[in-house]
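Below are structures written as structure tokens.
Two complexes follow with chain A in common, the first pairing it with chain B and the second with chain C.
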Partner chain A sequence: MPLWFIRGLRRGVVTTRYPARPDDSAARLPTPPAFRPGQLTREVADRLVAVCPGPALSRRDDTLVFDVGACTGCGRCAEAAPDAVASSGEFELATTSRSVLIKEIPIRGDEP
Partner chain B sequence: MNPSLDEAEAARRLRDTIAAQFGRSLHIRTLDTGSCAVCEQEIRLLSAPHYDLHRLGFFFTPAPRHADLLLVTGPMVRAFEVAARKTYEAMPGPKVVVATGACALGGVYPKDPFVHGDVGQVLPVDVWIPGCPPSPLALLHGLGVAVGRLAEKTPGLTFIADGGQG
Partner chain C sequence: MTTQAAAIRGTVTTRVPAADLEKVTADLAKAPGTRLADMFASDGGITVLRLVWARESGYLVTETEIEGGQYPALSDIAPAAFVEECEIYEQFGIRPATGKPLNRLMLPPHAGPDFPRLGHAPAQPPQEVHAPHTVGGQAFEFPFGPVRQVGVESLYYGLVTSGEEVVDVYLFTWHKHRGVEWRLRGTTPRQAMFFAERAEGLSAVAVGWAFAAAAEAALGVAPPPAADRTRAVALELERLYNHAAAMAALCQATGLTVGQSAAEIALERLLRVNAAAFGHRYLFGVIEPGGTARAPDVAVLRRELPAAYGELRRAADALLRTNSFVDRLEACGILTAEHARRLGLVGPVARATGLTVDARRDGPYAAHPVTVVTADGGDVFARFQVMLGEAAESVRLIGEFLDAGTAAERTALPAKGNGEPGSGSGLGWAESSRGEVLAWVALDENGRITRARLRPGSVRNWRGFDDACRSQNVFTDIPIIEASFWLTAAGLAR
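Coming up: the complex of A and B.
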């Protein structure tokens, strides 16, 4: 019996049951960020827009417009403002409508 | 936006028709319109033992004539436009176009004299799969959405942490 087969059995390496059941590796995937509106000020938002290498982030008055489809999940925004941004953990993002991928994040950090 | 009852009924009928016509197997043709090939790596992983997409009835085919689903990666370079259109036209109907990865969704290259910027400029895209690259799990979910066997989650996601309170 080939060695790799025995090794695989011992380590429990099997075909994933996804989509019927969740896959263990999903938690380690790079995913688009999720934002905390209370920690977002206009200044922080502008910094996030500047640090984003693509067109995924833009600011419109008190709204941070986040295009999930354009996000490459590079994590630069989470690095620039760890209090306001963290990985969302969402990877099941396929959609039949391009426009639902554009999310509006309220900026509430400037409110008294 | 709430689709009217007629639209919802039409959508249901279309889904049933596709399910009936595709049966239990669906053949995928991949099309690289200028991607960096990392999307292709993830697509190739789908047929590896861990993901084993054949268990779900999906198969890769080398010819668009045999394909039901066109999996398009890359920002659609203008030099490839004719080939992309010909590939789409060569496919028998009903056919589904899936744009794969941030390039294909317009997130990496802006529209310029060399690229269209996103796949939707040239082909009628049915399903968009975000990610750079989309992981094999994300691709499986996208394929499920394309054949109407998995529900979309994206409309309900806000990308706001702490339920919008924090």
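Coming up: the complex of A and C.
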């Protein structure tokens, strides 16, 4: 057991402030989508809701409701409508309020 | 001890009349080199019972139409069938003809007749037969769970004891039931992959591969060889991080905090290798029916993996030189080879008893044979040794697969099923870090799933966990045994 104590001391402090440095692989990680309201129509929004395997997307009249907390970043929405959706690259999602994670995206694609 | 795996290929499906099912099962259960790997039902008007037998030459699937809601008590012949008998009763309402008691397995107690099922609700809910059978005399039940410490899955232990020694243990595993197989019905294989990967998230690659292979068999297509090798790279990375996590859990269970930190540093490095190589720490989204969606970053793997594995190896070597650690593992949670064979156990748990059960024999592994690591002790230490040996073998295999070439390629799937009634079904398999994973998929003429069966390795090995706990162990041995099995409740409850 003393060997483990010495081993721990020799290793020193391994925790750091977050983040110690940018994560090299961040660009490849799955992240929630970012929507382009100008490219969103009701038809496109309904298609996105249909392909979402979870409960992250729903449509309320001319608003696409996006629950980031229910999104797994699977990328199916971006694949279904690449003009209207892209990966956000944002994975720092921690918040103290659940409601902050629910976003309302206006559907503007049908506007002249 | 190591053994070279022999090639194993193919699936044979045969019909067995209900009148012959008992005799055929008895003959197969006695046949050398034959193991009951799975049993499940489907309901398309007539309930069909399927038994999957693993043999040296491949898998044999028997199909039997069940009438009258009863079938022979197959677990009396092949004890490995008991878990599935319980599951089939909950989901389809048919039961062994002897009326033997069946446990609640997946569906929670509040599941009434309208609860989503794959077939018909049973006439009576399953019994909780464990406790009245085991608690008596001086023994009492020590309840533990279902809410446990941070990060550990919901699982209820009924520890039956007369003081210190564990006389019996039983589990309530239904807290994590999500109805995954039920949700797969009516989806296309590609849509279903999302859920298949999440049936047992820590085996996402293995379950995903088995499911994809089943769908490919049902559609009569095969993935490109480079995609097959990509799957194998992801599978071996999954094995590496799971074995590192099991080592950390063993340290936690034995109270070795510095060792736990050392193992978790190795685990974190391996997860970062996964993220850098495949874009996901837990390797989700790599496999898709017909091939793979992502290829590994070969340069990252060649540069980062040796260092991450070196971290794991250094921690393991230090642990093997620590008597207070090794002493807790030796003669703890013993299972014999006969136990493992009778219960159809798989993975490191079975291999630690000396059995050479390993599903990595065909596909990309035919050209790159696996050296199967086994041990003889059957205890926690033997399982730890098997995991360490397998980690080294995984690193070697990844190097071979990268040398042979990997790619994100996909064979196009037919837009529809093959249209021939009864022929659009297939079996797939893969070897997860927990053992053999099986999947069976049936498609309709439009290529949509009518029945998908997912059988992660956890389903098999929880069946051996209570036996391992009963073998002269005390309370504090139970977390050590659980860590050495390294199973998931999600994989069983699905």
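We adopt the following convention: the second predicted complex is superposed on the first by the 93 of 112 C-alpha atoms of A that agree within 3 Å, B and C clash if a C-alpha of one lies under 4 Å from a C-alpha of the other, contacts with A are read in each partner's own complex, and residues count from 1 in each chain.
Assume contacts are C-beta pairs under 8 Å (C-beta built on N, C-alpha and C of every residue); 3 or more make two chains touch, one makes a residue touch a chain.
Just so it is clear, the structure is predicted and the values come from calculations on it, not from any experiment.
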item	value
First, second, both or neither for A:V100, with chain B first and chain C second	first
Chain B versus chain C as contact partner of A:E90, first or second or both or neither	first
Touched partner set for A:L29, first chain B, second chain C, both or neither	both
Which of chain B and chain C A:G75 touches, first, second, both or neither	second
More chain A residues in contact - chain B or chain C	B
Which of chain B and chain C A:D67 touches, first, second, both or neither	first
Contacts of A:L3 with chain B and chain C, given as first, second, both or neither	second
On chain A, the residue positions that both chain B and chain C contact, one per complex	23, 25, 29, 72, 74
Chain B-facing residues of chain A, complex	13, 15-16, 18-19, 23, 25-26, 29, 32-39, 54-56, 66-74, 86, 88, 90-98, 100-101, 103, 105-106
Complex contacts: residues of chain C adjacent to chain A	191, 194-195, 256, 258-259, 261-262, 265, 272, 275-276, 278-281, 284-285, 297, 318, 321-322, 324
Chain A residues touching chain C - in the complex, by the definition given at the top	1, 3-5, 7-8, 11, 14, 23-25, 28-30, 53, 72, 74-76
Sites on chain B touched by chain A in the complex	49-52, 55, 102, 105-108, 110, 120, 125-132, 134-135, 137-138, 140-142, 144-146, 150, 152-155, 157-162, 164-166
